[in-house]
Structure formats: C-alpha cells, structure tokens
Amino acid sequence: MMDSPLEKARRIFHIENRTIVNCLSEFYCTLLLLFFGISIVHQLDLSHKQLNTWIQVNFGWGFTIMLCVYACSKTSGGHMNPAISLMFYTLGKLPLSHFFYYCIMQTLGAFIGTAFAYTVYLDQTHHVLGDLRIATGPNGTATLFTSMPAPHLSNTIAFWDQFVGTGFLALFVCVITDKRMEIPSSLHPILIGLLIATIGMGFGMNLGYPINPARDFAPRVFAAMIGYGWEVFSYHNYYFWIPIVAPFFGAIAAAWSYFIFIGFQIPDQPPSYMKENKTDGDGIPLKTTDLA
Amino acid sequence: MMDSPLEKARRIFHIENRTIVNCLSEFYCTLLLLFFGISIVHQLDLSHKQLNTWIQVNFGWGFTIMLCVYACSKTSGGHMNPAISLMFYTLGKLPLSHFFYYCIMQTLGAFIGTAFAYTVYLDQTHHVLGDLRIATGPNGTATLFTSMPAPHLSNTIAFWDQFVGTGFLALFVCVITDKRMEIPSSLHPILIGLLIATIGMGFGMNLGYPINPARDFAPRVFAAMIGYGWEVFSYHNYYFWIPIVAPFFGAIAAAWSYFIFIGFQIPDQPPSYMKENKTDGDGIPLKTTDLA
Amino acid sequence: MMDSPLEKARRIFHIENRTIVNCLSEFYCTLLLLFFGISIVHQLDLSHKQLNTWIQVNFGWGFTIMLCVYACSKTSGGHMNPAISLMFYTLGKLPLSHFFYYCIMQTLGAFIGTAFAYTVYLDQTHHVLGDLRIATGPNGTATLFTSMPAPHLSNTIAFWDQFVGTGFLALFVCVITDKRMEIPSSLHPILIGLLIATIGMGFGMNLGYPINPARDFAPRVFAAMIGYGWEVFSYHNYYFWIPIVAPFFGAIAAAWSYFIFIGFQIPDQPPSYMKENKTDGDGIPLKTTDLA
Amino acid sequence: MMDSPLEKARRIFHIENRTIVNCLSEFYCTLLLLFFGISIVHQLDLSHKQLNTWIQVNFGWGFTIMLCVYACSKTSGGHMNPAISLMFYTLGKLPLSHFFYYCIMQTLGAFIGTAFAYTVYLDQTHHVLGDLRIATGPNGTATLFTSMPAPHLSNTIAFWDQFVGTGFLALFVCVITDKRMEIPSSLHPILIGLLIATIGMGFGMNLGYPINPARDFAPRVFAAMIGYGWEVFSYHNYYFWIPIVAPFFGAIAAAWSYFIFIGFQIPDQPPSYMKENKTDGDGIPLKTTDLA
C-alpha cells in the first residue's frame, strides 16, 4: 500500500487536530446536503411537479441525508443540524464549544451549498421566473429556498410544527444510535434517511419540514441576496426566527422523553427469562419479537 | 462513562418492574405511531392529494411502524396492536394479564397520539373544513381519523377485509420473527415496515387498512368528541365494531396457518444434503436458494 | 421451552417427509403471493388509479415476493414460479421429479390465491363492473387477473417480452444466490423483491410482466370460470400459451449466460493482489470496489 | 459437489486471464444496464407517463445499477462508467491500460444493450411514433435514447450539470467503498443504487442525468443509425461531446475533494476517547453517532 497515490496524499493532507477535522466534516457535509437538497426542491418547483412530485422531495432529502451521514460518520458524526448538535450536547456527547463551532460550520456550509444548487438551475430559473423574484403571495417563489408559511397558518402552529418535526427527528436519532438498541452502526444512516423521508410524509404540509435551523436560515439569507430582498425575513410577522428557534426546543424535549419512557428502561443485560424465551412465572412478559 | 448526564439520569429514572416498563413502552410507541400516522392521513386529505398521494400513506405508515418497533424492540416488543398482542398470547409468548395491559395502554396511547396530530394540523383543518365536521357522505371527513366504509361495501366484506389484512400482518410477523428463519433481529423492524406498506397496496381500497383495533377505535372516539358526533359509531349499521373484532380472528387464524404449513416444518438442523448442497439420492430437493 | 404451545403443536404437526413439506411450502407461498398480488392489481384497476398507481404495482409485487421468499427460504426455497424451478433443475439444484411437483403446487396455489383475492374485492368489483365481464377491448377487464396484450402488439414481441422479463429475473436470482458473491442470505429476499419491482419498471408496458407461468395461467382459468369465458384463451390468436412457454426459455438462457460471462469466472480464492489491494505488476487490475 | 452440472461447466468455461474476465464482466454488465435502463425510459415516454412516472426512472435506474454492481462485484468491480473507471485510475486502483479496456467494453456493451431494449419495444415504438424519427423540437423523441437539452439551456450549464451530477456519483462511491468507513461490502451496491436514484431526484431536470459517457454516447450512435440521423450529434451546437467529457472532470474533482475534506482525516485507529465514549479533556468531541 506504500505506493498508492491515495496513501501518499493522505500523508500530505492528514490533519491531526480533531476539532479542525470535525469542523471541516460538518462544513463539507452540510454543503453537500444543501447542494443536493435545494436542487431537489428546484426540480420540483421549476418543473411544476412534472418531474419531481412530493415523493421525490421525501425520498430525495432522506437519501441525501443518509449519504451525508455516512460521509461524516467516522469524523464529526454527521449532525448537519444545530438542533441535533444541541441535543447531543445536552446528552453529554458534544462539548459546548463544539456545539458553537458546529453551528457556524453548518450554517456556512448550508449557505455555500445553496449557492452551488442555484448555479446548476440558473438557466431553468431564468426560463421559468424571468427576472422576477417575488417572495410571497400566489406567485411567490421564495419556497425554492426556504420555508414560507401560508397566510392561514398562525405562527403559533408554525412553532409547534417545527417543535414536533424536529422532535421526531431527534427522538428517533436517539433510538437508532442508542447502543442498547444494538442496531448495527452501518444501518444507522439508512434508518435516519428513512426517518427524514417519513417526517416529510407526516409533517410537511405546514412548512415543508425544514426542521433544521441551518437548512432554513442560510438559504433564506441567500434568497434575500439574489433579489427576494428583506421580505423573506419580514413576511408573516417576522416568521423567520421560528424555524431557527423551535427546533432546539423540540429536539431536546423529544430526545429526553425517549430516554425517560424507553431508553433508561432497557436492561443492561437481558433478564434470563428473555434468553430462555419462555413465560416468566411472575407474569413478566418475555421478549416477544423472537418466536421459538 | 460515570460522568455522562445520560447515565446519571438513568440511575434516577430507571424502573425495575418490567410490567410497568412494558406498559410505558407500548403506551409511548402507540402514541408516536398515531401521532405520526394520523398526521400522514391529514396531509393526504387536507392537501387534496397535492402533497401526499397513496404511496406516502403506504410508505409513511410503514416506516413509522418500523421506527416505533425499533423503539420498543428491547422492552415491550413493539406490538402497538391488540390483535398482534393476542396472537403472541396464543403462541405462548405473552401472559394473558399482559395482553389486557397492552390493549389498554395501546388504546390510550392511540388516543393521545391522535390528539397531538390534530393539534399540528389545527389551522389547516380550519382552513379546509371551516367549522363543519361532517362524518359521512360525499363531503364526509371522518376518514381523517378512522375507517368509514363506502355505502356499496357490505359489512360482511368489511369483516373479511379486516380479517385478511390483519391476517397478512400477523402471518408475516411470525415469518420475520421466527428464530428458525434466522433473519437478523436488526432487520425485523425494516421488514415489518415494508410489510405494512405492502398491505396498504393490496388491501387498502375497502377500508384503508386499519388492521389494528386500537388504531381504528381510539381515533374514532376522538373524532366523535371534536364534533363528528355519534354518527361515527352508528354509521353503516354500527360498522365500528368490525375493525375492532375482525383483526383478532384474522391474526390468530393466519399466524397458526403459517406454523402448520411452514413454521413447524422447518428442520431444527439442516439435513446433511443441504449442507453439502447436492441432490439427495432419494430425490429430495436440496435447498435451492444458494448456488454452489 | 417445553411448555410452549408452539413447541407442543410442532410435535403434533411436524412432517418428516421433505417432499411433502416442500410441496406444502410452494403451495402455501404461491397462494399468498397471488392472494396479495391480484389484490394489488384490483386496487389499481377498480380505483381507476386513484389509490394505487403503477409504482404500487411495482413495489407491491416486489415486496410481496420478498415476504413470500422469506417464508419459504428454509423449506422449499421459495420459487413460486415454474420457470425458476426449471432453471434450478438445469443447474442441478432441483430433482426433475420435484420440478413437476413444484409446478403443480404452484399452479394450484396460484388458483386458490386468486380466488381469495377475488372475494376481498367482491363488492368493489360489483360496484365498478356491475354484472358485465368483458374480457377484451376498450372496456375489457380481464387484466384484473391475467395478461391481455394490446391489439398492436404482435405475438412475436410478446414472446420476446416474456423471454426477456423472465430472463432478467432468473439471471439476477443467480447473481443474488451465487455463493461466490458472498451476499448474506438474509438479504437475498430483499434483493429479489427489488429485482421484481425493477422489472416492472422496465418491462411492464407490453404485457404487465407476468414472467411466471403459474401467475399468468391460473388466474386466467379463474377468470374464464367467473364469467369472462373462453375469450381469455382464444384472444389474440391464442396468445395465452406465450406467458406459459416463453418464461422457461428465457430463464434458462439468461441464467446460463450469467454463469458463462461472470459466474464461472469468479475466483474461488481472491488472488493475493486483491487482498493486498494494490496494483499487480502485470497490469492486472485489483478489485476496485474497496478503497484503501 | 463433483457431479453438479454447474461445477462441470465451470471447469470448461473458466478463464484464467483476469484481464479478459474483467473485460467480459464490464461488457456484460453495461449491456444489462442499458438493456434495462433504456427500457425504463421507453416505458416512461411511450406510455406518455401513464405507466412509469419520474419516480420509476429514479428507482428503476438505481436498482438496475445496484443489481449490475452486485453482478460484477467479484470480478471487474462493476464500474460500467468510464468516468468512474478514470476516477479509480487516479486513485491508483486501476491500471491505465485497464481504463482504456474498460472504456471500450463499456461503450460496446452500452450499444448492444440499447439495441436489445429497442427490440422489446419495437411494436410500441411503431404504434406511438409511426415511421417518424424526429430527433428534436416539440415532437422530438431522441430522448428515448440519449440526452437532448432544451433550447433554453446553455452548453455551459450543461457542462456544469454533468460535472456536478457525475461528481456526486463519484464522491459518494468513494464514501461508500472507503474501507475506513467500515460499511459491509454487501451493502455497497444497495447504497450506490439509492445514490443513483437520488441524483435523478436532484439533478435530472437539465439533461436527465446521463452522468456516464458510455450511457450517453452509445445510445446516441444507435439513435443516429435507426433513423434519427446526424441531428443527434449536431443539435444544440454539437452538445453531444459535453456528457462525454464533463463527467471525467467532475468525477476526479469530487472524489479528491472527498478525500481532502474527510477521507484523509479518518483516523486509522479510533482515538481512546472515542472508544470510551466520553468527552475528551481537551474539548475534542467524541464520536457522537453512538449513545451510551
């Protein structure tokens, strides 16, 4: 393996400092995530649902996150979401300093990824939208980039929607990665991808499930810069802060609810009646997912 | 690991009594299941199939069940369905007392999960339905919560439909969890999720595949309480008991048919001609799924 | 485990004769397959594609076959298709006598499974079709059960279509189950299911991909009996024999082509330059799917 | 195993020369890939999206590639794409001579596979198109075979689109196959298949994601030969060279970006604080994908 160009290059480019490595990973993967994901949304809207329909938004974002989590799984852990990073901090799995580093890198990566996606569909955007960049209303197209609630949706429900959606994400990330669940780690990203897809099937109607402060905020800034203007912030009584703040609360509440209801209750060693797979004399049910 | 906030909290919240733990798990996971699943149905109906189509109902419920089965897999087993619990009881895998505990916790969880889902789509519901809550007929919307058969469907076929749908569920749950099948337990929830999705593709037209007494009954009570009234029970000659009762019969009949036709016939040790992978002299076929 | 009702029942119902066991398995699983699959097609056609669309036909049949292959994987091998059984016979993996037993049991199971599916949608069929059972033409509905080619499709292309479709099935079944491929056996049914789904995406337009003599013939007999009459056989210049005969030729030809081009060429032991993962001095490429 | 017809035939047909074996594999699998894939596109276009919709193009090509990668995984590695072969060459995983052999076999296989697909849909093509073979414009149908950009798409963006699409493919192929990622090799083809599907959801609108010089060029030649004529080359200011050239640049750039940002930074041995799963004193985050 001495002569492989890869191993040679590894010796040149390898960075020892894990903080820098993890920051690079979060930046790079969030960039890829938004590059991919914003392109999926563009393909939905710019084709007027003739190519992508909602199912591609679901599976497309899901599999993209799956792939990006794989990519980061051996370095930063693949959060790509400040709310998930905060959740891991509250669980004692991420130092506070790193939570801040991660947030910055995630938001930066999200911004640049959005810009890349925009370039790929530059001609299509011009063809469909012309020179108009109307943020809101019946002809509004800022949803190409970020969440814009319908007028009939209150900001209270919007907050609750982001609390719930991010909550489900955080909760099942805890289920999937809980060591006591004994799910092989090579399956984790697949399950997280399917989880994202499912959230889009259940909680996508109100706001399009941003459930990620970096994913919602960075493209909003980008949209403002390319012509949609200040309205993407001021719209709907300054709604824009909701998908930034609500996910943090939802992620923490849901993750801890999982641990209280289930995670803390998983025995360290399966009790003997489970191993022998018969009914315990005290009426304690045995594990029922395996039949003799 | 001494200092982890998670492990500290575990010592505080850990419950030793397995009956309570299992009840908590069934309650919590059925709550999550209905919270998620009823939201999927709301997204289908309230968007007039502009977001979700039937495929999202199939995969959405399927993956939700997959995730919830993972969540409960190390505690209560993740039934979330009284018919499945009864089936496990008849197989000697669940004490009778626990069957009753499970039924209660599942129904309670289903009710509260439905209520949560309702809150997420409160504004959308008001926007689409206004103040009207018409249970049945061309403008009936009780199907947002529970099964309501079309007038041309007889209750006999409705019973048979629920018998069959739950039967397929129970049958393949037995296949998947049968230890002699040697399917890795980390794959079980994935396969059960795909099973649910497939049932919706084959047996969803008559009633929308409730195939779960708790999933059908608890949201029906909720629907009655929020304005749909008694009609959700009295409709179609008091149809409401059918998706409660039929699944129990279907689950037991189908599960045992599997064991009689296949499960009991799987040899404990693969016969020698299987291992050597050649044709037995007596004309007995060798195992044909592996090519030399 | 002595007291388990399951183990008690196993001692009563266990059959020693492997031939009978395998026949029971093929019968039971083909019954389940057609019960499920014909229901999927009914849900497509009777809902006028308002519930199922073509994607559910693809994934529905695919996952159903996945589940049924799991169910039979430890007994008969889960062929459920005479063409696959013949292919295994030519590979020396199934005795000739068993090929005939399997064909009979598969066709019998397919017939009864079709009858079951019919009962589930009895009311819907009556609602949509009334008392009319028109086999062919613009209002023809025999496709609820079996393949009926469009008038502009020649029988030559129909034969080629079934040759190709079943060929792809057989070919990749050989890939998936080839021991030298080292794919874990618990993944085989999943891959076979996805294979079936994919065939429906590529080769479903001409005839709806029966690619299985039992799946096409048995429901055709059933359709003739419930009122579609002799026309299901005589239509299109007695087309009905094509999806019975062509699959046998396609399966054998494609399976052997795989072994000649690839299967026979897989080394028994990976050569040393593969293990060390570097470029061989003789310009022989190393295995390129793993990066150092 | 001595008497198995398979093993007998293996002794006859086995080829020792690995170069020939690998060339046969690439030829055969690329043939299968285009046979399957071009059929999927035909089913989309010839049915006017009544059977296949865009989701089947995504999953159909994805699963086809999954199956073909499995088929080649123990011989040539399953590139089926000159850009991927070049990428592996730059990583030191493929000798330069083999890169050229692979390109030739891939293009040859793609051509013959296209011809096979054409035969399956001969009657349908005649039924829908009659004798007209119009390459471009509102009634152009050359997209049955190869990419034809819309008039409003510049060749610059077309180049960038193919650079990006192939880049994502190459990048995540490196992630998936990187040994330091420790993803079981039996999962690699599944993930690559989902990757292809996802690329079609994000980068399919401009050109239909050929992202493979052989997949785009060989069917273009075939289309020219069956009546579409020279226009498939001259159209859009000789666009045809773009999906041949751009993928090579994209694949190399993206693959190396992965290694620089992440691949080279994965530690050979997980540091001790990762194993013990606690917070490192220096504020270095521990691996966060596994919860204690």
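Every chain is named by a letter (A, B, C and D) in the order it is written, and numbering of its residues begins at 1.
Heads up, the rule we're going with is that a contact is a pair of C-beta atoms (placed from the backbone, for glycine too) under 8 Å apart; a residue touches a chain by one contact, two chains touch by 3 or more.
Predicted model, so just to flag it, every value in this text is computed and none were measured.
*Asks:* Overlay subunit B and subunit C by their C-alpha atoms and let me know the rotation angle in degrees, rounded to the nearest 5.
*Replies:* 90
*Asks:* Same or different for subunit A and subunit B, where same means more than half of the interface numbers show up on both copies?
*Replies:* Result for this pair: different.
*Asks:* Report the inter-chain centroid distance for subunit C and subunit D in whole angstrom, where each centroid is the mean of the CA atoms.
*Replies:* The separation of the two C-alpha centroids amounts to 27 Å.
*Asks:* In angstrom, rounded to a whole number, how far apart do the mean CA points of subunit A and subunit C lie?
*Replies:* 38
*Asks:* Indicate the residues of subunit B shared as contacts by at least two other chains.
*Replies:* Counting only residues that touch two or more other chains, subunit B contributes 3-4, 6, 53, 55, 91-92, 263, 278, 291-292.
*Asks:* Which positions of subunit C touch subunit D when the two form their complex?
*Replies:* 53-55, 58, 90-92, 150, 152-154, 157, 160-161, 164, 168, 171-172, 175-176, 180-184, 187, 191, 194-195, 197-198, 201-206, 257-267, 271, 278-280, 283-292
*Asks:* Quick check on the complex: what are the subunit C residues that touch subunit B?
*Replies:* Spelled out, the residues of subunit C in touch with subunit B are 3-6, 9-10, 13-15, 18-19, 21-22, 24-25, 27-29, 32, 35-37, 39-40, 42-43, 46-47, 50-53, 55-56, 59-60, 63-64, 66-67, 69-79, 88, 91-95, 97-98, 116, 119-124, 126-127, 174, 177-179, 185-186, 188, 263.
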